[in-house]
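You will see two complexes here that share subunit A, one where it goes with subunit B and one where it goes with subunit C.
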Partner chain A sequence: MKEAATFPEKRLDVYTEKNFAENEEGYRKKKWNRRKTIIVLLIVAIGFLAAVCIGGFFCKEAAQVTDFSRKNLPPCLSYPFGTDWLGRDMFARTVRGLSISIIIGVCAATFSAVMAFILGVVSATMGKTADAVVTWFIDLVMGIPHMLLLILICVACGRGLKGVILGVALTHWTSLARLIRGEVLQLKEQIYIKTAKKLGKSNLYIAMKHMVPHLLPQFIVGLVLLFPHAILHESSITFLGFGLSNEQPAIGIILSEAMKYLVTGKWWLALFPGIMLILTVVCFFTTGENLRMLLDPASVHE
Partner chain B sequence: MKRKLLAILMAVCMTATFVGGSTAVWAAQEQSTGKDEVIVTMPTTSEPEAGFDPAYGWGAGEHVHEPLIQSTLTVTNTDLSIGMDLATDYSVSEDGLTWTVKIRDDVKFTDGEPLTADDVAFTYNNCRDNSSVNDFSMLKEAVAVDDTTVEFHMNTPFAVWPYTMAIVGIVPEHAYDENYGQNPIGSGRYIMKQWDKGQQVIFEANPDYYGEVPTIKKVTVLFMEEDAALAAAQAGTVDVAHTAASYSDMTVDGYDLFSVRTVDNRGFNLPATAAEEIDGVTYGNDFTTDVEVRRAINIGIDREEMIQNVLNGYGTPAYSVCDKMPWYNEAAEVEYDQDKARELLDAAGWETGDDGIREKDGIRAELTMLYPASDSVRQALAEDTKNQLTELGIEVTTEGVDWDTAYTRAESEPLVWGWGAHTPMELYNIYHTMNETGLAEYSPYSNETVDKYMDEALESSDLENSYDLWKKAQWDGETGITQDGDIPWIWLCNIDHLYFVKDGLKIADQKIHPHGHGWSIVNNVDQWSWE
Partner chain C sequence: MILETRNLSFRYENKGRQILEQFSLQADSNERVGIAAPSGFGKTTLCKLLAGYEQPETGEILLDGKPLQSYKGYCPVQMIWQHPEQAVNPRLRMKSVLEEGDQIDPKLMEKLGIEPDWLNRFPTELSGGELQRFCIARALGKRTRFLLADEISTMLDLITQSQIWHFLIEETQKRGIGMIVVSHDAELVERVCTRVVRMNKQ
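Let's look at the complex of A and B:
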């Protein structure tokens, strides 16, 4: 808003010499615009997440190793996050745990988003009955408390990796599905769609050729914004003991184990993994939000 | 923006739960003021789910202890021999099928009604029909012959019956219904005054108690986790706080660490048969079916080091399920010898492969060591076992499991168990075969000679003499369940029960605690005193 407003004013003064110099500087400054900031932020966030994922891959063994000769060490140079009561390296465990979380998050969110996309499109294009059924499902899933449904599905699917992914996937698709349905309903009224219809194009053709490209930005942003939710829910469900089994270095497990030892003053067991979890979640958020700003022209007004 | 806020909020909430969790529990508790009152903490799992009814596990369940509210016929002494409570005398017929017990005639329930042989007979018949936790199938019928004589007619001889009599609290026939557990009436040392489920139970001394007058008049038991118990001790709000080895390096002002020797053992099973699938469940394990493997594992584990590592030194090495009990056979004891363990494996044909893991006839020397996911001590034991067995060339992966799958999976894979009770029946439960399968219940194993000794021990008419037979079941010089025998279970350690005890409180001598870090400590709370 601000930039758009100031632009024409400056143009009027463009010919005075003094202003020309100032303007030159201003122009150079402008080169570093929000778009670039966003891209840099994006790269940093993605870099961090990639580092965690790759680190997690290499920490697989280290995260499991127990060594009683080094138990309960506070943070030091060789163990930046300290060690726990089994002498496990908390740094390796945290990185590994986060990478597990990210993988689960990506799987669950992708699954969920694809489901949302299909259901959203189906709901909007396949007639009233389909719309009623899908909307009813959305209301049903949204009506049950999130965490409860998640626990139910997870336990019913036998916990573990499969349970958590299915649980998160089956509970998170609703809002995105709703969004996409609304978007499609709006699109259907557009002249070019109507024209295409009048020209005798099939529904499938219209959906694939005209609608999908239009929906893609919303879909991608929705997908990325699902990650942090999925990760937080994965860790909370594991924290509560309904998720992953506890020999795995999942972040929820680390936190729930740490809780038992907080009272003895072993703060590092919870602090660093907690901070790392928050960092990861924030990274995904900034990625998602920035993507939205880049892809959504309307955000210029914010 | 809203989502961002939500995320931050969730993160804050998660951190807050850590800090908040432990404080809430003890905030409500008040400090004990009088010098004849104590406040004791216990794990939340010690709270009797079905109430204080002996038929549903009070005193007589998985974790045996004295029922406090009710009297028992016999008691176990500190040396685990049998003493008398309600009973004045008991005897058993030559064939072991009839037990005759004489009881005191001066005992009253706390509602004023006298306790008679009818009540005793009623209690036992009720347990036989309804007990959800104990096996009373050997009892045919309990009959009150007169007011002070009870006869137990047995289906099969059961020489260890006095140990059963030591844990079954006698309930009043006239005041027993389905709600008894919530509002128990007994004739024991204490009366249950108040029970706030999920929080606490308050006992007051029974003024009409027939035995010695309890010195502690009021006992409050708080149910909480170990971290909350430690916080409560640090706040000075409790007199005895149960704690775990991982907290034993903490010092709490005004409290001393009190440790009790136990037979609360931890060990793991090694399926002794070859893998075979029956009705979708795998029984046996192709690696541990080799007796030399089991022997190598038994001597290849350094128990002392394990106790230092996992228990901070608060424990004793275990070699059987019944260490220190009168029926324990010392032949079970072995010395740690890693080299010999390697030799055993080499001699048995388990050759070290390229990756350092042994192999024989295409079978890799690998195990999945299971442990109950909620138990950090057993997890640590499993991890330490893994480290030690890796040195022998055995590949171990650990896995946390829930109890609903643990029993089935233990039929083919080792699981870290906890056992230990004041009765030789523990041996029977673990090593004796079942009729249906011909294998022992918890881990596939069978040995006719071992079975025979245990059967004979149960048929024996003299309890003291039957100890010898129980010992022979463990090792008779030729066969058994020890190192030189079949060694189907490896025993690691007995875990000391640890408590923070407030200065000035004198806890009476404890008998060796059985499995379960709960009620055993207050077995003799009536004899505790303040200085």
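Let's look at the complex of A and C:
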């Protein structure tokens, strides 16, 4: 009885006009902020990646100049990342290395994603045998430790740029292929797609009008989220000595060489390139995650 | 035109539950056949078979003496589903949903109470009853000869139900479209149809 008496009072309190207006305003502000944050983050991430790529293009010469008059300098104004034991500018080397990594990442991820898309669609639409074969391959590649297979393919393809790209591409398609396969299988069973067929629509029409708009966002997000993986794996196998050759200022090479000098107190050789690598990976990752949020229909009303 | 099934048997999986056994039915273009049965008697399955969404295990489905499967392209037997929100693509505007039908008469929209403003909306921005009107309009294309209504009015309020049934009776009579009405609501079937068939459990 007592509770029943207080209940309406409480409700009145919550729904006073002032509170309601405040809530409304707060809601609108939040909604506007989130979209804005996503877009700003996207622009910053893409800007950073573009700057590294363009910078790498201009640093090609600077990254290889050796000058013994300036060797082993700690970070200072003219050499923000310091110089190494051969007097090479670490900033130029880092930017150059990162731009190579990004190019490898983009090539490998695109190759991988396209492969995943084709195999996923084939497995979902071409009947039971095709499905069994593709699923078996997915399980096979997923069953072998990532690094091992990557090193194997990379060495078998003759190391260097080609080997790394092929290695990363051939090991990363599995999860996206599985996703696309599941998505297509699910779409095929949708009532609206079956109805379209009964309304006399061709398979091509159904694929373009009904399937592609569903698959494209998944595909793009999958592709962007593959980049950071590709970059990290590229630098790890290069670090282990199975990737790019020693003359190239790849980020993995820089890190593995810096290992030898780390004990003698030259911390800047590994710290700055490492931070830059992480920054690049984080940039790609946030870009992908934000894209997912923008494209995902479930979050439209958030 | 005559839609006819002969000794239809069906089950979803091999050795699964027998859903239909030796079911025969004949319907003419100028009649409205009601099928009343409680849940789980295979009403929706029967509709799927009649509209060609599923293949019967044994028996045949004939439209004017020819197997239904021999009609390529637009299927003259169209089905309206129980859940309209599953029957439209959530990424297409209602305009494009209607375009998928077979040259739909603009007058139909007025008769069904579809507002022009709804055409530019997405399916999630309409209610179930509003979506169902679009599904009905889409199924009433030019080449439709039989209409299967599978519990189409379950989610509607009584006034809308009566509007829609009046419209469907008038429209199908005018164009000579045969209708098969499936419902668990025996009174509705009694009221709408010219003939009622009851399904029995095996």
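As a convention for this text, the second predicted complex is superposed on the first by the 255 of 302 C-alpha atoms of A that agree within 3 Å, B and C clash if a C-alpha of one lies under 4 Å from a C-alpha of the other, contacts with A are read in each partner's own complex, and residues count from 1 in each chain.
Just so we're on the same page, a contact is a pair of C-beta atoms (placed from the backbone, for glycine too) under 8 Å apart; a residue touches a chain by one contact, two chains touch by 3 or more.
Bear in mind that the values here come from a model prediction, so they are computed numbers and not experimental data.
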Partner chain(s) touched by A:V263 [first = subunit B, second = subunit C, both, neither]: first
Partner chain(s) touched by A:A113 [first = subunit B, second = subunit C, both, neither]: neither
Contacts of A:I165 with subunit B and subunit C, given as first, second, both or neither: neither
Contacts of A:I100 with subunit B and subunit C, given as first, second, both or neither: neither
Per-residue touch tally on subunit A - higher for subunit B or for subunit C: B
First (subunit B), second (subunit C), both or neither touched by A:K209: second
Footprint of subunit B on subunit A - complex, ascending: 66-68, 71, 85-86, 225, 228, 232, 235-236, 239, 241, 245-247, 255, 257-264, 270, 274, 277-278, 281-282, 285, 289
Contact set on subunit A toward subunit C in their complex: 190-196, 198-201, 209-210, 213-214, 297
Parts of subunit B lying in touch with subunit A, wherever the complex brings them together: 3-4, 7, 10-11, 14-15, 17-19, 21-22, 225-228, 230-231, 246-247, 250, 308-310, 373-374, 376, 379-380, 383-384, 386-387, 398-401
Residues on subunit C engaged by subunit A in the complex (per definition of touch): 51-53, 73-75, 78-79, 81, 83, 86-92, 96, 100-102, 138, 141
